[in-house]
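Each in structure tokens, the structures are laid out below.
There are two complexes below, and they share subunit A, which is joined by subunit B in the first and by subunit C in the second.
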Partner chain A sequence: MTDDRGIWLYAITRREAADAGAGRTGVAGETSRTIAVGRLAAIVGDVPLAGFGEEALRRNFEDLDWLGAVARTHDAVVSAVGGPVVPIRLATVYRDDDRVRRVLEHRTTELERTLDRLTGRTEWGVKAFLDLARARGHEDSPSRRGAGTAYLARRRAERDARADSERLATEQTSKVHSRLAGLAAGARLHPLQSKALSGRSEQMVLNAAYLVDDDRARAFAEAVAACDEENTAIRVQLTGPWPPYSFSSWEEG
Partner chain B sequence: MTPGQQPVTTSTGQDGAVASGNHQPANLGDILERVLDKGLVIAGDIRVNLLDIELLTIKLRLVIASLETAREVGINWWESDPWLSGDTTRIQRENRELRARVEELEAGPERAAIEDRHRD
Partner chain C sequence: MTEPLPAPVADQPVALVDLLDRVLAGGVVVTGEITLSIADVDLVHISLRTLLSSVSALQPND
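Let's look at the complex of A and B:
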């Protein structure tokens, strides 16, 4: 009986914050529950190994619809936790509750330290996209030269304008990152997303995550809006609040 | 820029395609990026090799990229490509049709034009 199911780990949190993460619908349609050890608790779900065992996971991970649905559900359960939370990477599965307890026992120190660091803070995502149209702003007046020459001149001007815009965008992006990092308790740069992944036709120039004190969240959001306003070569976009996915590893200082 | 007149995009072909704005509520790309690449990594009992996951995310980006590209171009190549669907008789049929069409066109433009009208 026990052999047919695995324990899917969503998140680890403080015992008193764990209740909100329980009773949610999980990745296998199961109801999430908690496993508590000392002051810590894990949010878990019982999943059938037929769908979530080693073989099945490898197969299912190839299925984008399956993966998309599981990713959203995992994120929803993690997000439901009412307090500092350590999100666990997708597809961390244990044989039974005791194995999860053992993780909590062995890792108590690191987990509590991480939870302390995350307390009262939230992850915000900031993405910036190249905005060629806005960067161009000032167009040259139409040339009166011959059609061929004008065409070449226009092409050259377009190329130069694009290069200028990209250079400007790079400068502005690095300014934006410094400014936002200055307001945050932590900052991480993620790989830029392809146009397909971002769902935008513009080139992404910044994909960052910031860990922001909750009492500075408003100031941070305003700074993002100001960055969008002031920097003409890029569009700056705020996403979140996110569970602190980007700030949950042990190494983070 | 003259209102109502789109700049002709030549080789780049990017500027014309402004994002259509049909994003999903919380961008799936952002969620996948976080739950697959971020979050705390602890060894579970059931091993999905992390290397596999990293490879997967790369692959995923490619898959999403090709899906999106196909959608932008307006084709479902994986459904309509006879080599993928194993439908080689269709290729032969298409070849026959194309050959017939070429003969028609060679026979005279008027006739082809008339036939076109019928076809529509």
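Let's look at the complex of A and C:
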């Protein structure tokens, strides 16, 4: 009788923080609601399996417009929760409310432990990109071709300079990560985005997430700005605040 | 949040790629009695393929 709909799971939170996540417009245009068990509550939405069943999801995930809209809506519902929140990975769909309740019951210990760890903390993203022009001090030479040997020598010099810059960038990136991790309660490295993914012409050298105490958020942002300023071979960029997507899996311990 | 967020950051639109990094590979995975069985590897694989073929068209240059 409920074969045609599924329960999309957005987030799990403490019961008293859950209300702010309810009443939001969800991924299927539905209104989000809560399912509470004990001290925990799940933020969920009723979605038609015609659009959100396994087969439909496989098809829809190929559609970037669909994927982008669903990701942003999922994120908006997760972000609306007024307190520590455990975000759920995109496209987690249950058959009915009872199965969601059972998850809350069986996972109470891990969920509460995770919520405790996230309380008073926010995820920030930091990306760094290789900056060859800055590393070389903008000595742009006119692209006039000289005699063959001069041209080859210049090409070789450029290649050497590039290798030096990349070595320097690697050193600086590693220092930046250590410094920022030192200010954070947790750090996690995401895979580097290819140029096609990042939409930038510079090579990405760091794609990290840091879990930062809220009373240190400003100091953290200032440290990121200082890292950008002080390290000549890379550009360092802050993103966020994010719901703690990168710090919510239990496997990480 | 106990203090205002650094303003320039708060004003930036969220890049879809950064969001997908998180919603597809982060967050809790609760398999147990899930009705769908798409492996997360599949999700990331599918989405990356989608992105690679589409993102450059969407964002020609920065």
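Going forward, the second predicted complex is superposed on the first by the 239 of 253 C-alpha atoms of A that agree within 3 Å, B and C clash if a C-alpha of one lies under 4 Å from a C-alpha of the other, contacts with A are read in each partner's own complex, and residues count from 1 in each chain.
The rule we apply is simple: contacts are C-beta pairs under 8 Å (C-beta built on N, C-alpha and C of every residue); 3 or more make two chains touch, one makes a residue touch a chain.
Since the model is a prediction, treat every value here as computed from it, not as a measurement.
Colleague: What is the contact status of A:E229 with respect to subunit B (first) and subunit C (second): first, second, both, or neither?
Modeller: A:E229: touches no partner chain.
Colleague: Based on the superposed arrangement, let me know which partner A:P241 touches: subunit B (first), subunit C (second), both, or neither?
Modeller: second
Colleague: Touch test for A:S194: subunit B only (first), subunit C only (second), both, or neither?
Modeller: Once the two structures are laid over each other on A, A:S194 reaches both partners.
Colleague: Output check: A:A221 vs subunit B and subunit C. Expected answer is one of first, second, both, neither. What do you get?
Modeller: Second partner only.
Colleague: So in the superposed three-chain picture, is A:T122 touching just subunit B, just subunit C, both, or none of them (first/second/both/neither)?
Modeller: In the superposition, A:T122 contacts subunit C only.
Colleague: Is A:D63 touching anything from subunit B or subunit C once the two structures are fitted on A? First, second, both or neither.
Modeller: second
Colleague: If you lay the two complexes on top of each other, which residues of subunit A touch subunit B in one and subunit C in the other?
Modeller: 6, 9, 12, 53-54, 57-58, 61-62, 64, 67-68, 71-72, 74-75, 86-95, 99, 103, 107, 114, 125, 190, 193-194, 196-201, 239, 242, 245-246, 248-249
Colleague: Looking at the complex, which residues from subunit A come into contact with subunit C?
Modeller: Residues of subunit A touching subunit C: 6, 9, 12, 53-54, 57-58, 61-64, 67-68, 71-72, 74-75, 86-95, 99, 102-103, 106-107, 114, 120, 122, 125, 127, 190-191, 193-194, 196-201, 207, 209, 214-215, 217-218, 221, 238-242, 245-250.
Colleague: What residues on subunit B touch subunit A, complex-wise?
Modeller: That would be residues 1, 14-15, 17-19, 23-24, 26-42, 44-48, 52-53, 56, 60-61, 63-69 of subunit B.
Colleague: Inside the complex, what are the residues of subunit A that reach subunit B?
Modeller: Contacts found on subunit A: 6, 9, 12, 49, 52-54, 57-58, 61-62, 64, 67-68, 71-72, 74-75, 86-95, 99, 103, 107, 114, 125, 132-133, 139, 190, 193-202, 239, 242, 245-246, 248-249.
Colleague: Under the stated contact criterion, what part of subunit C meets subunit A in this complex?
Modeller: Touch residues, subunit C against subunit A: 1-3, 5-6, 9-10, 12, 14-30, 32-38, 40, 42-43, 46-52, 54-56, 58-59, 61-62.
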